[in-house]
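What follows is a pair of complexes built around chain A, which joins chain B in one and chain C in the other.
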Partner chain A sequence: MAKFVAKRFVYMIITLFLVFTATFFLLASIPGNALTMKIHKLPAQAQERIMQKYGYDKPAGERYLLTLKNVVTKGDFGESIAKSGDTLGSILQKRLPPTVRLNIQQMIVGVTLGLILGIIAAMKRAKAPDFIILIFCMFMTSVPSLVIALILQLTLTGPSGLLHLPIIGWPKGKDLWFGGWQFTILPTFAGALFYVAGYARTTKIAMLDSIYQECTTTARAIGMSETQVMLHHVVRNSFIPIVTFLPGTIAGMLSGSLFIERVFSVPGIGSYYVECITQRDVPMVLGFTVFYSAITIVSIFVSDVLYGIVDPRIKLVSGSSR
Partner chain B sequence: MNTDTVSIKKPEDRFAFVDQDSLYADEITRKNIGFWADAARRFKQNKVAMFFLIVLVLLIVMSLLGPVISGKDYITINGQDKNMAPCSQYWLGTDNMGRDLFTRSWVGLRTSLVIALVAAGIQLVVGCLYGSIMATLGGIVDDVMMRIVEVISSIPNLILCTLLLVVFGNGYVQLLFALSVTSWTGTARLVRGQILKLRESEYVLASKAMGGSNMHRILKHLLPNTLGLLILELAQAIPSVIFSETSLSFLGIGLMPPNFSLGTMLQQGQSTMNFYPFQLLVPCVLLSLLVLSFNVVGDALRDALDPQLRN
Partner chain C sequence: MAEEKVMTPQVEEEAVEIGKNWKANPHKWTGDPNQPLLEVKNLRVSYHTYAGEVQSVRGVNFDVKHGEILAVIGESGCGKSVTARTIMSLIRHPGVVKEGSQILFEGKDVLSMSKKELSQYRGGDCGMIFQDALVALDPTMRVGKQIMENLRIHSKMTKKEAKEEAIRLLDVVGIPNAETRFRQYPFEFSGGMRQRAMIAMAVACQPKLVIADEPTTALDVTIQAQIMELLKRLRDEDGTSIILITHDFGVVAGFADKIVVMYAGQIVERGSRKEIFYNPQHPYTWALLGAVPRLDWENKQMLRTIRGTPPDLVAPPKGCPFARRCELCMNVCLEEMPPVKEFPGEGPENHGHSAMCWLYADDAPAEVREKAEALRVKGGEGHE
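Presenting the complex of A and B:
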């Protein structure tokens, strides 16, 4: 187990390094960036000096080594070239809380609802609740969360909306982590509904699989109550496929936060990243790409380890056994 | 052996003619039909899927014929007809520049559809080639190629797409490239796994033992057994590409004016939604209907192609 974890960890570091390198050279190959756009009207001398200040007078290879050194030693991806003063660290500090809160809320709502619906569907299979849940899931996976977000915003917000919720915005100050629910409820549901469908399906399939296993039959035969059978054998065995679903959820939420934050004007990192992209803010785009990938890679790593803990039958042998 | 000692009776004495029909009359048999005919038969039994297949065909036909029916083009700007509600002249109203929404919706749908089909096609071809190369060569090549897949799939899909669009600029070709770069890794893994599994299977061994050629094995065993999976992969890829494309266009990173798709229309619709909800609802409904019908048809295909559900 320790060997497996160590091996996966080394792979994780290598992957991150590769992502960093590839992103850096991809971005270095763009002819123009935010800086050239900003300074192209200045006299040549001033242009040169500004380029020097941000280090763009050096060839890409040298810049790469310099950036790599700064990233490894200080975690510093360089200063934003579109908005002077912004660094990845300062932006994360300022903008991470809304994104994290939104994602946690989405996860809690989405996973819980999904698990409950999946368990109901499996226990009442081929009866009315199962069909209703099936249709609901089909609908939810088919309507893009972007559309759900827009429809929710159109129908429920504003003075003419059904719930008079605020159209956009996010709680500030002491409500940053807890409170200000009228702002957070719609973004949460818009993002969560997609996961509800995914989790309900996975849970249902996994539960149906374990309902027909011998250990379940045996448990019934020795006289365990139906609740006990469900909790100890069926639900527990169904956790394996659900755990494998988690890293995808986290990655999906990161991508999802891009447009959910845009729709509801949440001041999170997703909306900032989109700004960086449209302004070609090279250092920030580099920093955010590595940051996003790091989160995904770490969640894949954690789920690999969890996989081994949840299911003792799985032998952790080789790196590519996923 | 002495043939003289064997006495041969007339066959009529010992044998009687039997009518084959009456002999097997009480045995219930089904006409022997192939895998694809069976799958098609089961797909046709699924009424919901057939309904959505018709919806899908209608959407595709309308995306081609819609602009012709309304008789308007999608770029003419009518200054005095801005933001009109649906009426007899403009069936679904007009947008903030006075362009006919009915025509624009179908053209936007066509763009989204074409992008989705091409990107999904590229994904399948690249994934197949890559996966089969991995599985065939094996060893160190397989290891290195698998690492590359892992690196690419560890960057969130939309993030990599946006990054590539920044690097290569906006436009149809760039968008297609960005969408396909991220999506083929799953297909490659799937194909690799399937080929590795099939190679170990007994009927491939039997084919080898009986002296079947390599080409014969690929055409008769590997390909048909992977085709079902690939059709499903295609059915899943199309909605996800549509989804990515609309998200990117909505964020203003995908297609740039004058090019537009349903995603761009969603973005325009959102900016005016409190006053002219129609401009948001039309692309929303079309998009959902499109993805829904692809999903339902894909699900039904999965059920129809799954050999375990055969009865």
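Presenting the complex of A and C:
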């Protein structure tokens, strides 16, 4: 196990290095950045001096080595060009809580709804509820969450909306982690629907797999009703594929919530990241890209570890869930 | 004599004492002892597959009396498990039990029971031991809990009582350290232990009938003998009726009271154990018996194998199902279903011996009869 973790850690470092390098040179190859946009009206001499100050007079290779050195030794990706004073660390500190809360809420709502729909679809397979859920899932996976967010915003918010929810915004101060729910409902659901579809399908498939397992026949043979068989044996046996599916979706959701944060003006890292990209704020884009990659890689890693532990199947379940 | 032989030396891990009492409370008979406990009448079951309608069971009749052990024997795919499942009313899509089939348990038709009656019948009146305990037990649930589930469905036991009873049952079926084993998962058990746990689960509520579908196929010979001994005790001590399904004559020797021989979804011969072993009449039974190694073969006699394969059940032959493999096949065998011929056995316990074969028709040619006498397997001493 330790060896497995160590090996994966090395891979992770290599991957992050490659992401860093690729992002750096891609950004460098695009003409112009936040700085040129800011100073293009100044006289040429002044422009040159400012470029010098930020180090943009040097060739890309040299800048790359310098940045790499700072990142490795100090974890420093550099200061924002567009908003002086902002660094990756300071932004994370300020803007991580809304993002984390949003994602946790999305996950709880999405996974729960997905599980319920999946179980219903499996129990009523090939009947009306199954088809309705199937169509719903297909719709949800094919329509981007951005569009869903906009639709929700149009129909449910404001004085003329069905629920009179606030259009945009996010709880602050003492409500940062808990409270101010009216602000969080729509962003949560807009992002959660993506989960619902994925989980409903995974759950249904896992359940159908276990429904035809021999042990369900045994359960029937001792006099259990269909519903009891479902709840006592089928759901339980579907549990493992569902658990291992979880970390993978976390990575997927991070990217999904970028636009949701933007649509609902959630002051999280997602909306900031989108802003950085539109402004071509090179150091920040670089920093956030590496940060997102790290989270994705860690999620996948966790999922692999889960699989590894689950491999003789029952051990993990006995140790962790009961 | 048979009992002596099955008490073979025990393997270390499975070294357990068998012979504690099954009973927690004495078995109560309800109903008329002369009425059979179970009657299977004209049972026909089909599976609708892409290849067509597989006629797995084609008109099977038999009954089981109180405290009787019936062995159902036949090659792989002849419909034994489907018959067993139908008795428990466990046939699911794409399987269909055909119109006109009846399964009467104490006179009540199982196939038309309400959900509530079925729930009482399954596990309560009738327990089933499945072929492969590894897949039949829920891999994610503690063994003890699975046994408790059965008890909790059929009795008003509290959790604590059910737990105690489950531990007692594990102990009775010969699982050492029952308390520890209670908390383990099926994969932590050896094959023999799992089968024992499966038995404990099937008999937890003192069913009147236990169906054992090849309970020992996956086990080695020593453990096989122990499991059979365990089942026999269940009958001897509790008076439980047992349907034992197997493809191995060696397993039923010294165990069954009655034997039915199945072939391609039909019963081709039936009779008491003694009649089937000492006086078999159907060419397929001869072939099956000839395929079992026997102790009385002093010279290097060839073990007979049965050539060919059973017929396709999507389009079963209109005549005798065994015709294509039968050395005695006559023209009529290919054309028409053979009649059932009764053979009077000695003594009332050997009544009801019959075989489905054209050989015993009055107009069967003499030379075929002669050939049959040469083929006939005589004497079952080696088996018992």
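Just so we're on the same page, the second predicted complex is superposed on the first by the 268 of 322 C-alpha atoms of A that agree within 3 Å, B and C clash if a C-alpha of one lies under 4 Å from a C-alpha of the other, contacts with A are read in each partner's own complex, and residues count from 1 in each chain.
Keep in mind that, in the parts below, a contact is a pair of C-beta atoms (placed from the backbone, for glycine too) under 8 Å apart; a residue touches a chain by one contact, two chains touch by 3 or more.
This is a predicted model, so every value here is computed, not measured.
Q: Looking at the overlay, does A:L150 come into contact with chain B only (first), chain C only (second), both, or neither?
A: After superposition on chain A, A:L150 lies in contact with chain B alone.
Q: With both complexes overlaid on chain A, does A:F139 touch chain B (first), chain C (second), both or neither?
A: After superposition on chain A, A:F139 lies in contact with chain B alone.
Q: Counting residues of chain A in contact, which comes out ahead: chain B or chain C?
A: Touching more of chain A: B.
Q: Tell me which partner A:R220 touches in the superposition: chain B (first), chain C (second), both or neither.
A: A:R220: touches chain C, not chain B.
Q: Go through the superposed model and pick first if A:I116 touches only chain B, second if only chain C, both, or neither.
A: A:I116 contacts neither chain B nor chain C.
Q: Using the superposition on chain A described above, determine whether A:V243 touches chain B (first), chain C (second), both, or neither.
A: Touch partners of A:V243: none, neither chain B nor chain C.
Q: Across the two complexes, find the residues of chain A that touch chain B and also touch chain C.
A: none
Q: Spell out the residues on chain A that touch chain B in their complex, using ranges where they run on.
A: Within the complex, chain A touches chain B at residues 11, 14-15, 18-19, 22-23, 26-27, 29-30, 138-139, 141-144, 146-147, 150-151, 153-154, 158, 160, 167, 251-252, 254-255, 258-259, 262-263, 273-274, 277-278, 280, 285, 288-289, 292-293, 296-297, 300, 320.
Q: In their shared complex, at which residues does chain B touch chain A?
A: Listed in rising order, the residues of chain B that touch chain A are 143, 146-147, 150-151, 154-160, 162-167, 239, 242-243, 246-247, 250-253, 263, 266, 269-270, 273-274, 277, 280-281, 284, 287-288, 291-292, 294-296, 299.
Q: For the complex, which residues does chain C have touching chain A?
A: 85, 88, 90, 115, 118-124, 127-128, 130, 132, 135-141, 149-150, 153-154, 185, 187, 201-202, 204
Q: Applying the document's contact rule, which stretches of chain A touch chain C when the two form their complex?
A: Where chain A meets chain C, its residues are 213-215, 217-225, 232-233, 236-237, 239-240, 312-314, 317-318.
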